[in-house]
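What follows is a single structure, and I will ask about it in a moment.
By written order: A, B and C. Residues from 1 in each chain.
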């Protein structure tokens, strides 16, 4: 493991965010249902051409595909920032067309790709506390939520700093903390690992893990396929406004045609496994080495 | 193209004109209508020059709409206030309480109103038919400093950029549960805290950008080249001088008292 | 170059502390980069990568207050002794935030790309040729008539890169240029960098994606605590045992190979693989040896 400061807190992330779980009121039984979703922008560009997607409570879903494939347009429907041109998006028993963005914020937390679109307050703690305040958390719960979220992203020591004095990768983690603090049953992450160093990526992986451990749903857009296969069970491949593949990560990354259509390159170890002619789909280094051992027929494990 | 200005992309002779020619025409008109103290001159120019130009430039419909939205309310207010409450009016035509409709007041309102109409409609026709990018290139071609051209072009685009940023910040805060409902006062109070950081962000942007522009050699030579070359035929150059000289002549005639 | 043996970029004993900062972001740093090479800079967040990029480009100290010491030169010239405009002619810097590299004063992407060339008084027909060329290379043709403000983050990043590449500076420094790009866009950028370096341009690139650096760099330098702690071939640097302790991620292949070595599945004396090709070689010989 790395010796860097925030990698240590990556370990602590699970614990800190788990503490928040006790407070999360309605976590658990909110499913996402997208039916026949078409979206045409005022410019005339049709970004989504009939998308169906069901996400059960507690699932972790990665959405992959090229820029312009419609990924962000799709997930922006989940909290009502974009409304369907045709079709329907349901969050539990709510239809997004009947609720305001602010109301949907009780169920769906959304982390923007660019943190500077989201951060506005004078101190890190105030910014992270903005969501809980709007959602009507009482003082005590709000304070706990803020400190737990800052702990989870390894920025507890920066609580009183002006966000503009921090680096882009730190601001990105503030943006994530601000949504964690809302303790929503569903968390949407738009390219969470952008600009993160190794420790930052590990930290985000730990956050995803702890959210799932609490039974919350995570939907993430990512271009990092190694991060994708290591942290997400289900992968949705999008191209030209359509879902081209949707299923368990192992199956989707074996769907060569869909990946090619979406210009998605499989994770590194999978490319090696394929080049070696292996049949299995090792999701991480350990699984890869297990398979290597099997291939060699030794089957030994150290 | 960009939605940053009122410019309408059309094919017309007016669109093809060198923007500098149109600008000189506009300035000459403004000079003339403000120099000559007769209300029928500006209205004549509107009828004979500006409206036909708008039709020629295929922007007549848009001009009418903008006239109704922007100018008409202003003219109504002008006539009500100046026509009825002109302080130095002595020839009373009609009276009701404090309000007095006087010939002097009416004349004053017509003079100001007609000048305003010529100024606003003329400027609108110019803006509607002139691609800002082409305008800036044409102006630098005739010798305007690239730095001034930069400032003008940047200001034309800063407002939409600011709006886009404000919108995305607003959206992001709604996504964090900020409810924007209720009375306008309540809404304003909800939005106020977003304003400071928005402006602060823009200021840091300007700072960062000015460095980036130096890295892109801005100001490295006093005579930069231009990707867009706007044709400037001799005929147009002659026309520009003629318009400019006629406008000056009108002003001189007014000053020496030939036109009174 | 006056002296073929002299490095294109040479930093010796360079230190820099930002105004009001408690410590030096760069501390007594030495770095030599040869002409026509592609050099990757890696390091944890906060290691000083962006500061190093600005220092190579002369922005530090020319445009940034603080305490500066040591000597930095590009092509034998000390940039700190000239003006920012002269430094910019020698080194093109693509910064992290593409939004602020857009001039804000051009109405189409086409004009935006030409902006820097106009400022250098490049003749119009050459400008048009260079705009078309860079647009084709980075697949920007469909965007040429769009407003620079009406672009997505990834598109804007490509335009920012193109607007610097088009100026053909002898040295190109890029600070995380592919952060908002999809894999296809990222490949395009790296292809352009390879072509540029084949043509003699010296490229320095800050990047977290180590697999890409392995494929495209001639050398990689690791920055930690304001110092260059390691600088060598991608194979040597990315397989260095201390890499993760510097806060830099290994490729998945290297991690797997380490694990395989621990379990006796890869000979200790064998160099650790980094990319897919050397992994296939390493692991298939192993499979072969076993059977």
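The working rule: a contact is a pair of C-beta atoms (placed from the backbone, for glycine too) under 8 Å apart; a residue touches a chain by one contact, two chains touch by 3 or more.
Quantities reported herein were computed from a predicted structural model and do not represent experimental measurements.
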Of A-B and B-C, whichever chain pair has more C-beta contact pairs: B-C
Chain whose mean Cα position lies farthest from subunit C: B
Subunit A-subunit C separation of Cα centroids, rounded to whole Å: 28
Distance from the mean Cα position of subunit B to that of subunit A, given in whole angstrom: 47
Between subunit C and subunit B, distance of the C-alpha-averaged centres to the nearest whole Å: 45
Junction residues of subunit C - those touching two or more other chains: 97
Subunit A contact footprint on subunit B (complex, rising order): 165, 168-169, 171-181, 193-194, 197-198, 200-201, 204
Touching residues on subunit A, where the partner in the complex is subunit B: 79, 81, 100-103, 105-106, 109-110, 112, 116-122, 130-131, 134-135, 164, 178-179, 182
Contact footprint of subunit A on subunit C as seen in their complex: 43-46, 96-97, 152-155, 176, 179-185, 208, 211, 244-245, 247-249, 251-253, 255-256, 259-260, 262-265, 275-276, 279-280, 283-284, 286-287, 290-291
Parts of subunit B lying in touch with subunit C, wherever the complex brings them together: 1-4, 131-133, 136, 146, 149-151, 153-154, 157-158, 160-161, 164, 205, 208-209, 211-221, 223-229
Subunit C partner contacts - residues on subunit A that touch it in the complex: 1-4, 7, 65-68, 113-114, 167-170, 191, 194-201, 223, 225-226, 263-265, 267-269, 271-272, 275-276, 284-286, 288-289, 292-293, 295-298, 300-302
